[in-house]
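One structure is given below, encoded as C-alpha cells.
Chains: A, B, C and D, in written order; residue numbering restarts at 1 for each.
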Amino acid sequence: MTSIAEPPKTHDFAEHENHHLEFAPSAVLTPSPSTQNGHPYRTSSSLRRTRSALGLHPSAPIYEDHDTHERQKLLWSRIRIVLREPFVEFWGTFIMIMFGDGSVAQVLLSTGQTTAPGGNGFGPYQSISWGWGLGVMLGIYVAGDSGAYLNPAITFSNCIFRQLPWRRFPMYFTAQLLGGFVGSGVVYANYISAIDWFEGGHGIRTVPPATKATAGIFCTYPQPFVTKASQFFSEFIASALLMFVIFALKDPSNNGVPRSDKWFPLCLFFLIFGLGACFGWETGYAINLARDFGPRLMSYAVGYGPEVWSAGGYYFWIPMVAPFCGCAFGGFLYDLFIYTGPSPVNTPWLGLKYIFQPRYAWEARKEHLRREREEGIV
Amino acid sequence: MTSIAEPPKTHDFAEHENHHLEFAPSAVLTPSPSTQNGHPYRTSSSLRRTRSALGLHPSAPIYEDHDTHERQKLLWSRIRIVLREPFVEFWGTFIMIMFGDGSVAQVLLSTGQTTAPGGNGFGPYQSISWGWGLGVMLGIYVAGDSGAYLNPAITFSNCIFRQLPWRRFPMYFTAQLLGGFVGSGVVYANYISAIDWFEGGHGIRTVPPATKATAGIFCTYPQPFVTKASQFFSEFIASALLMFVIFALKDPSNNGVPRSDKWFPLCLFFLIFGLGACFGWETGYAINLARDFGPRLMSYAVGYGPEVWSAGGYYFWIPMVAPFCGCAFGGFLYDLFIYTGPSPVNTPWLGLKYIFQPRYAWEARKEHLRREREEGIV
Amino acid sequence: MTSIAEPPKTHDFAEHENHHLEFAPSAVLTPSPSTQNGHPYRTSSSLRRTRSALGLHPSAPIYEDHDTHERQKLLWSRIRIVLREPFVEFWGTFIMIMFGDGSVAQVLLSTGQTTAPGGNGFGPYQSISWGWGLGVMLGIYVAGDSGAYLNPAITFSNCIFRQLPWRRFPMYFTAQLLGGFVGSGVVYANYISAIDWFEGGHGIRTVPPATKATAGIFCTYPQPFVTKASQFFSEFIASALLMFVIFALKDPSNNGVPRSDKWFPLCLFFLIFGLGACFGWETGYAINLARDFGPRLMSYAVGYGPEVWSAGGYYFWIPMVAPFCGCAFGGFLYDLFIYTGPSPVNTPWLGLKYIFQPRYAWEARKEHLRREREEGIV
Amino acid sequence: MTSIAEPPKTHDFAEHENHHLEFAPSAVLTPSPSTQNGHPYRTSSSLRRTRSALGLHPSAPIYEDHDTHERQKLLWSRIRIVLREPFVEFWGTFIMIMFGDGSVAQVLLSTGQTTAPGGNGFGPYQSISWGWGLGVMLGIYVAGDSGAYLNPAITFSNCIFRQLPWRRFPMYFTAQLLGGFVGSGVVYANYISAIDWFEGGHGIRTVPPATKATAGIFCTYPQPFVTKASQFFSEFIASALLMFVIFALKDPSNNGVPRSDKWFPLCLFFLIFGLGACFGWETGYAINLARDFGPRLMSYAVGYGPEVWSAGGYYFWIPMVAPFCGCAFGGFLYDLFIYTGPSPVNTPWLGLKYIFQPRYAWEARKEHLRREREEGIV
C-alpha cells in the first residue's frame, strides 16, 4: 500500500476507500490488454461522471472478470450500472427486513396455536434470532458485500474510520431506508389477513403494550420496566458490539481472520443471532435506523396510529440515534486497542485533533480533496 | 465469454446453458492429450446422440477429471450416463422429501408426548425448518449442483432467464415429480404404524382441519383464516424470495459471493430454513410443485381420500401454480435491478419484446436453434 | 487412476483402498528427495510389517508433510504409529458417544426442571440432535477422516463398495466398539449422582418403559406402538440414507461436492442432525452397532439388569443388524444410480456375480491378492 | 522443520512456540527486499526489547503483509504493538463474556414472560449454548487466533505440551481475567434495571438457591444434588474434552483437519455449544477461570454479598482448579494416543522424567534457554 514506487503521501489514510471497495484508478483509466479489442472501458467515462455526481465511486463494484460492455448500450443497463450500490443496498436491506420482520410476524401471530405441529405455535422466540441472523447473511450476499452493510450506522462508522468518502453516505442512506420501508410493507401485505385475525377484527391495529398488539412485528418497542437511560445504553452497547466485531472481521492485520471475505456473511449470521439471543430482550436490538425507522414509518402509513411514535415514552428516537453513537464508539474502541492500519485514531492525538481543532480538520480535508481530484477518483 | 476470437454472435445470451452446467463442446469433440491413449471421448458419440434425443445436454455432467471410459462398456453404466441428470434430480428430490416430510412426521405425530426426553414431544415446529433446510442442502450435494435444484419452478426460471434450454424441462420435471412421489411414499411406509397409532385406528386417514389429521405430513394445507388471495400471495412471495436469492448466489458479477460453488448448499440451508421460519405458517411454504403435488398424489393413492384435493377450498392448485409465477417474478426482479450478465431482461425493451411481439421471439428462437446445430450442442 | 503408463489391470476396482486413504506404494518405498538425507522412510519397514500383520495399511495415515522420523526411536511412539487407525477410531467414537450420550443424559435427567434458566429443563429434545450431530462432526475431526467413520456398518459398506480391504475390518470394528463402551462409561460416571437423584434412590436403575427409566441415556429403546417390522424398517431406512449421502459427499465424479474434504465434517453434522430430527422418534436412530451395543453392554455391566436385552421384545438385535443391511443397501443404491467410479456394482451383472457365483468371486479374490502382494501393499 | 540445512538440535521440541504463533526470527532480523526501502523492520528493535521484557514474543503477531511501519512513530501505536497479545486476549475474552453472560441474563430474567413473541420468554436454555458458542467463536476472531484461546487453562496446557514459553503465561492470564471482569461488568450495567425488576426491588441481589437469584447470570453455581466429587469430575471431564478436541483441530499431522485455520473458530462454536448441551447442567460448564472467577469477583464487587463464595459448599474454587487439571489431562491423552509431533509426551519415559527427575528437567530447561538466547528469540 505504501511501496516506494507510489507517489509520496502525507497522510497514510483518507485517500483510499474501504479496502474491499477499492478499484485502482489506473486499472480503470488504462484499458488492460484483454479489454482493448473494441471494449475500451469497463465503466465508460460518461457513466463514471454520472456516478461521481451522485457521490458514488466512479467505477461500479462489479466483479472485474465480468464483462458488461455489450449490454451498456441499453438505457436501463446504463441506469443499473450507475445506480449499482443504491440498488444492491436497497435489495439487501429489503431481503434482511423480509426475513427479519417475517420471522417476528410468524412467531408473534401464531403464539400458542395448538394446531401447529408440535402443538405450540409456529416458532419460539429463538426463531426471530434465526430470522434476523440469516436475513442479514442473505442480504449481504445480495448486496455483494458492498461495505455499507444495510445499516446507516455502519456506513457512518466506515466514513469516520475506514475512509469511505462522506459523499457516499446520502445515497447509501436513502437506499437503506427505502429498503426497510418497502420490505416491511411487503411483510405487512403478506400477513394482512393473519393480522386481522389476530387483532380480532378487520382493520384493528394496535401498538404495545396493548394485549393483542401487532405493531411489534415491524419495529421495536421497549420492555415496560426499562428506564430511558437503560434503553439508550442497551441499543448503544449492542451497536458497539456489532461494529467492534465487524471491524475485527474486516481487519487485514488480524492474524486469525481469513484473508478472503468468504466467511464474512456466515460470521454475521452468528453475530446477529448472538445480539438477538443476548441483547434482544430489553429494546429489541434495532441497532439500525433503516431497520427500525423505515418499518415504523410504514406501520404509521398503514394505520397503526400515532402510538407508533409515542409508545414507550416517545422511544422511537432511541433506535435512530443510539446506533450511530454505538457504532462510532465500537469502531473507536477497535481502532484504539487493536487496529494497526490507517485510521484517524492512528494519527497524532488519537485523531481527536479532527474534533477539537476545526481548522486542522478543514485543511486535512482540503488536501485530501485536492489529491483525489488529481488522481481522478472523484 | 464474448472475446474477439470467438465467432460473432448476434445475441449475447441464449447460446449457452447455465454457466455451471457448461461443457465446452470443443473439449468434448476434440480429445485432450490425456484422454487420447485409447480413451477417445469421455462421453461417446452414441451416448451423446441418445442424450440429445432426450432433451439433455450431449455431455453428461460428470466431473471432468473423472475417467468413466472403461465402465461405459457395460449396458447399465451406459444407461446411467445417459440418464445422469434425471437420476440425480430424482435422488436429490427424494433425499429432500425424506428429510422434509420425515421432520413433519416426527414433529406432528409425537406432539406433546410426555415420555420424550425433555417431556414435550420429539421436536418443536422449528425442527421442520431444520428438516427442509438440511434436506435441500443434502439433496443438492446428491444432485451434484445440477442447476435444476429439485424444483420445477427453479428449472422453469433458469429456462427463462439463464439459457437453460426448454427441451431440458420435461426430463427434469418428470424426475423431480417422481422423486417427490417416491420419497413421500417411503416416509409413509416408515411412519405407517405411528400414523395408525396417532389417528386412533388401523387405516384411518384424515385431512386437516380434522383434529387428528395426518395428511399435513406429506403436503401443505393452509391455515383456515387465510383468504384465497393471501394464500396465493404467500406462496408467490416466498417463491420470489427463493429465486431472487438463488440468482444472487449464482451471479458471477456479484462481488460478495464466493466464486466457487462450495458455499452454495450451505447458503440454501439458511435460505430454506428462513422461508420456514418467516413464511411457513400461512400456507406451509410449498414453493415447489414436486414437493407438494408429488406427495399429495401419493397421499391420495394410499387412501387419504378426495379431501386432499378439496381441502382449503381446493387449495391444491395454488402450490402448483404460484411457485412458477413467484420464481419467474423473483428472477425478473433480480435481473432487472442487479444482474449485469446475459438475460432476456438485458435486451431491448427489457425483453418484453419476446412476450408482446411473437414474431420477434419466433425469429430469435429460429436463429438460436440454427446456431446450436452448427456448434453441435443439440 | 488408469493412465496408460500404469501396468494393465483386469478389474478396475479392488486394487486400491478408499481414495482418501490411499498412499501410493511408490511414494513409500522410494524415498522422495526431501526425505533422503538420513530419514529414509516415513514409516519404517519393521513398522510396516507389523501394521500389515494387524490388517492395517502398511503406511500409517499421517499427513505426509509431517515428519515423524525422529520420534520413531521411542517404543511408545512406534506403538502409536502401528496402532494409528485403531487409536483414532477409538477416540473418535469416544468423542461422539461423550457428546451424544451426554446430550441425552442432560435432556432426560433435567426434564421439566423449573429452576433452569428459561424454566423448563436444560435442553429440549432438539438438544439431542445437536449432541449427536456435533459429536459425529468433532469425532471425525479427531479421527482424521480415516474413512471408517466411527461406525462398523460404514466400514462394512466401504469394504463392499469402496475397496477397503476386509482385513481392515476387525481392528476398526474392535476400536469402534471399545470407544462406544468406554465413552458411555465416562458419561455414566459423570452423571452418576444425577441418575441416583432422578431414579429416586442410590443404585436404582430402570429400563424403559419404566416411568423414571434412565437406560435410554446410553442406548436406544423403541416406542411402544412400533411393530417389529417397523422397528427394523426405521433403522434400515435411516442407515441407508446415511450411507447414500456419505457416498455422495465422497464421490469424486460428483460435480457439486467440493473436491477437498474440508466440508465433510460439517455436512455430517447436518446429516446426523437431520436423522435425529426426521427419523429419531420410533427407534432412536441408533444406525450404528458401536453406538448402541457398546453402551448397552456398559449399562448391563453397571447394573441396569437383563431388561436392557429383553426390553421392546428383545429389540437389542435390531440396531446391531439393521445398520449393516441398511448401509449396504444405501451404498448399493448410490452406486447403482449415480456412482460412475470403480465399484462391484459397475462390473458385469451389477456385481451380483460375486454373490451368486461363488467360484467367480473366489477367483477374483485370488487374483486381487496376488496383485497386491506384487505391489507390496499387503 | 528439521531439514538438513538447519543447525542440529538436541531436542526436537521446546525451541519453537506453538506452530501458529511462529514468526521465524530471520524474517524479522534480516529485512526482506520489499521492506528495505526505508522501512527496515516490521517490529523495531526497541519494541522487540520491551515485548521480551514483558514475557511476550519479540515480534508482535500481526499479519506479515500488513505494513505498520509508518504509524509506529506515534506513542500510542507503539504501545499497542507492544501490548498486542494482552490487548487482543482482553477484548477476545470481553466479547466472549458479553455474549455468554448476556445470553444467560436474557434467558434467566425473561423466564416465562408471556408477552414475548411465542409467549414463553426471550429464549430457552438452548439460547445459552448459542451465546457461549458464538461468543467464543467471535472472541477468537477478535483475538486473532492468538493460540491462547481466552482461557488460562488452555494457555497453561499450551505451555506444557506445545512449547508456548511459560513467561508468556502471566500477561495472557492477566488479560483474560481482566476481560472477564470488565465484560461481565458491562453485562451487569446493561441489565441493571431488569435485575432490579426481576429480583423484586431496587438493589436486591441474591445468589442461588434463592428463588429469584440472579447471581447465576455471571458465574456458575452447581445443581444442589451434585456431590463435591461429581462437581469436580464434571468440570474436569468437560475441560479435558475441550483440550482434547482443540489439540486435534490444531494437529498438523492429522489427516482430516484442514491445514488452514479458517475452520477453527466455527469448530469451536460447535465444541462449546456441545459442552453446553451435554455437560452444562450439573455445574454450568465454567471450564475457564477467566470466565468464572472474573465475573464472580465482579458480582461480589457490585454487591451480591459473600454468598458468591460460600454458595454450593464453597464451590467457587472448583471452576478455578478443575479446568487446569482437566485441560492438562485432555492434552496429555491426545499427545499420548494420537499426536506424533514435538511434545514432552513424545520424549523418553513419556515425558514423566520432567516430573519425577527434577534435575533432568532443570538441565533441559537451561539448555533450552541457552539456545533461545543464541537465536535471539528471547
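Observations on the structure shown:
Just so we're on the same page, contacts are C-beta pairs under 8 Å (C-beta built on N, C-alpha and C of every residue); 3 or more make two chains touch, one makes a residue touch a chain.
If you're wondering where the values come from, they're calculated on a predicted model, not measured in any experiment.
As for how the two copies subunit B and subunit C face one another, under half of their interface residue numbers coincide. Annotation, subunit A versus subunit D: rotation angle of 90 degrees from the Cα superposition, expressed as a multiple of 5. Centre-to-centre separation between subunit A and subunit B, using Cα means, comes to 32 Å.
Taking each chain's centre as the average of its CA atoms, subunit B and subunit D sit 45 Å apart. With touch defined as above, residues shared between interfaces to two or more other chains in subunit B number as follows: 121, 123-124, 126-127, 266.
Listed by label, the pairs of touching chains are A-B, A-D, B-C, C-D. Every residue of subunit C that touches subunit D in the complex is listed here, in rising order: 34, 37-38, 61-63, 65-68, 70-71, 74, 76-77, 80-81, 87-88, 90-91, 95, 98-100, 102-103, 105-106, 109-110, 115-124, 126-127, 130-131, 134-135, 137-138, 140-146, 186, 189-194, 197, 260-262, 264-266, 269. Residues 1-4, 12, 104, 107-108, 111-112, 121, 123-129, 208-209, 216, 223, 225-227, 230, 233-234, 237, 241, 244-245, 248-249, 252-258, 263, 266-267, 270-271, 273-274, 277-282, 336-338, 340-342, 346-348, 350 of subunit C are the ones that touch subunit B when the two sit in their complex.
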